[in-house]
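There are two complexes below, and they share chain A, which is joined by chain B in the first and by chain C in the second.
Right after this comes the complex of A and B.
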């Protein structure tokens, strides 16, 4: 890989983080470094990755997150909006009584009890132990049951041959795909491309982190200000939460 | 007797005529482009790789996909990074071409590979980046701006 992981450095950082957790004032934990996963280690359910989106900071008409996602995954449309792949959609909501409008990015909600996983006949649609919902395209037969089962319309089907894929995001004709929460980046201790782009664009409407870690930024923010699930009535326990809706 | 001699002569003539023909029709062996650089070695000896590369990749595939194990030893991306390099003119052979490292042998052995229906056939730095999708932009502009409740979000 072009960016090899320096394990001795990583171990050093893990140790420093542990020491830091004791010596730095309580509440300032270097949790992101402490949760670093060596390449050879399998993901575990001690972590549950999630995202928190503050809709009051999300600007209408801004497509920074979508653009970053498209670049990261090499998503190129064929000028057929009805069928072109979308991992993230910007949705505008308008309250008819007050006229108040808000804009939010909608992607795979990485449900704990994911309907897409329930209906998949081959096991291609699955949940990683750390809560990320994925499609194993090696065994996906393209039946699209998951697309019908998803209450968020988060999945897309690849109708046409794909060329010039990025090396870290393989995708091809005849399979279903959706937001992977940038699993290839998360495994390298990086944050998803959309969250990074939102931060770079100075909106900072998206926070990514470990929902199981009470000291992570996302958990603290959720504890302080709360966060709603879209279609909470379905009791899916989504990994993506929204504020301001 | 004369018939027999005639038959043998005919057969022998046939063989003599056929010999040069079969020689020239033989399929040439695939040209294997070795990775450049001194001391660059594959993760396993050549004969092991020739026989078992598909098993290594398959095993790694499931571990990476389902368990997030991303060691580089049998990584498919690493195969591509090392083995697919530009020629003297700076061109990278397409996966359909016999000059592509994988396809060279697979074409010769008549074994179809499905890997590249999804995976990139060249290292990341040689992948052409295209601009943002025009159709996505189009849809954004067309997006309806009214919905009564969050149910509308799943529209």
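Right after this comes the complex of A and C.
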């Protein structure tokens, strides 16, 4: 025997759901507009995307971030380490005085005053208003002056025919490339692949966010515990900061 | 001063066509090398993500620097009013254009995308010293071209002085631009010195004049024209001053770096512990390219020997290539100081001296560029009156 339907209760629930939907929906929509930028909307300098890396949490020998980056951008090596592309690499540092060792991921630091952008003859190396440094592969002539100028050796030249390309990260033989801070993901309100992988691996050594927003996790963490720039003496105001160095 | 008579060279001998054919063959080999590099990708060269500029850049920068220096002889005549140099001014201008063309061909064909030349000519980032250089090179062709035209066209001859002055100023700016390509790289220990610009200008005087003397000696010897001892002695003494000036600048550059603690590492590398780079610096740049030619220039026993002068010029050119090798490749081989105070290691060659072995393709491209320059000179002096019929002593006085 089935339970008799309580019609008044059902009507109440339906109305509540409708009212709830009407109340919440604009919020959800507004939220989407605020964070995931539609394609036709220009990038704004109100945002400065950045990364914070806690080297005390970064495990030596772990390559989760590198693997994720390679998968995301379709980077496959040709067994030629000197000319194969690397967007992100793990560097081991040993203090000459104390012998203290630490490991950290190093990639394009997305400098505010980027030497690569300054030296590029055609303007192929450029910065988005939100702080992400990129290469326009349509006008890169492959002169490699940006690679000479980069203080972090963050850029690679595509030395041979590319294979395994992904739709979201086009590459081209004879042009220069580097970490894009996963701009294709960031524009869809996702975090960069390396940061996501580091979190999944439970290391959580990397935080991504808006450096201009005082309420973002990255800004709060930087305010609380600080973070250093690599080659701070060059005064490039890098978008990637490090703790524990 | 007597009117100077200029005539085209005959250019009908087997030797002349043999020369053109030989140079053409070298250019063909260079083009094949380029085809291979561009088809396969740059991995077939010795260049990597660590040594991003290699042998093509050694040749290209050398030729571009020498180009502005080759114009010196013309400048001495028109700007500094030394009439003895006047008969040589046309050849000086021609050689300047030819060397620049050769250097640019090498630079262009080494690009990852040489097919995008039109992009390089139409998209400019005016903060880039490279972009300035593109404008400076194009301007150099135009200004020196006009200068040569004014020298050769009687109706325009009265403007020759102004054109010569413009060309002189332009060449100084051009070499400043070339030197600054390296001078403004703040992150690299070997390069962050504004002194690169004046040092490159001095080098241009020396390398350019050495090539000029060689071309002059060869073209007069092969065509059987007279070339007086007096003008040769003048050029030889001038080369001595320039070689000494280059040594002076190199010494000051290294002494300055030795005083700055953060540059001790790179100085120790180039001067003492850099293996091939240390050898190229001391043996190639300083001894063979500097001290030995200087000693030979002023040695009384060989004062009037043309063969010795040929050797001197060859040594200066060899030293010039060694200088470019030390600056361009040695400067990149020394590891970038990304984390001062730390020992650094990674699978991307951080903290280690970078390896570089020039590939035959790169060398073929570089030598191909030299051949381009020489072909231009050999061809143009056949079709246009660039060389004085005689440069016998009485004539040059």
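Please note the rule applied: the second predicted complex is superposed on the first by the 211 of 245 C-alpha atoms of A that agree within 3 Å, B and C clash if a C-alpha of one lies under 4 Å from a C-alpha of the other, contacts with A are read in each partner's own complex, and residues count from 1 in each chain.
As a convention for this text, a contact is a pair of C-beta atoms (placed from the backbone, for glycine too) under 8 Å apart; a residue touches a chain by one contact, two chains touch by 3 or more.
Values in this document were obtained by computation on a predicted structure and should not be read as measured data.
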- Query: Can A:148 be said to touch chain B (first), chain C (second), both, or neither?
  - Reply: second
- Task: Identify the partner contact of A:86: answer first if only chain B is touched, second if only chain C is, both if each is, neither if none is.
- Result: both
- Return first, second, both or neither, reflecting whether A:118 touches chain B, chain C, both chains, or no partner chain. second
- Does chain B (first) or chain C (second) touch A:230, or do both, or does neither? both
- Message: On chain A, which stretch or stretches are contacted by chain B in one complex as well as by chain C in the other?
- Response: 78, 80-81, 84, 86, 89-94, 96, 106, 151-153, 161, 173, 175, 230-231, 245
- Residue ranges of chain C touching chain A (in the complex, touch as defined): 38, 40-43, 47-50, 52-53, 111-114, 116-117, 119-120, 123-125, 127-131, 133-134, 181, 184-188, 332, 336, 338-339, 341-350, 355
- Partner chain B, residues of chain A touching it in the complex: 1-2, 4, 37, 39-43, 61, 63, 66-67, 70-71, 74-81, 84, 86, 89-94, 96, 101, 104, 106, 126, 128-130, 134, 136-138, 151-153, 161-162, 164-168, 170-173, 175, 183-184, 187-188, 230-231, 245
- chain C partner contacts - residues on chain A that touch it in the complex: 78, 80-86, 89-97, 106, 115, 117-124, 139-145, 147-153, 155-161, 173-176, 230-231, 234, 245
- Item | Complex contact set, residues of chain B against chain A | 61, 63, 65-72, 75, 77-78, 80-81, 117-120, 123-125, 127-130, 132-140, 142-148, 150-155
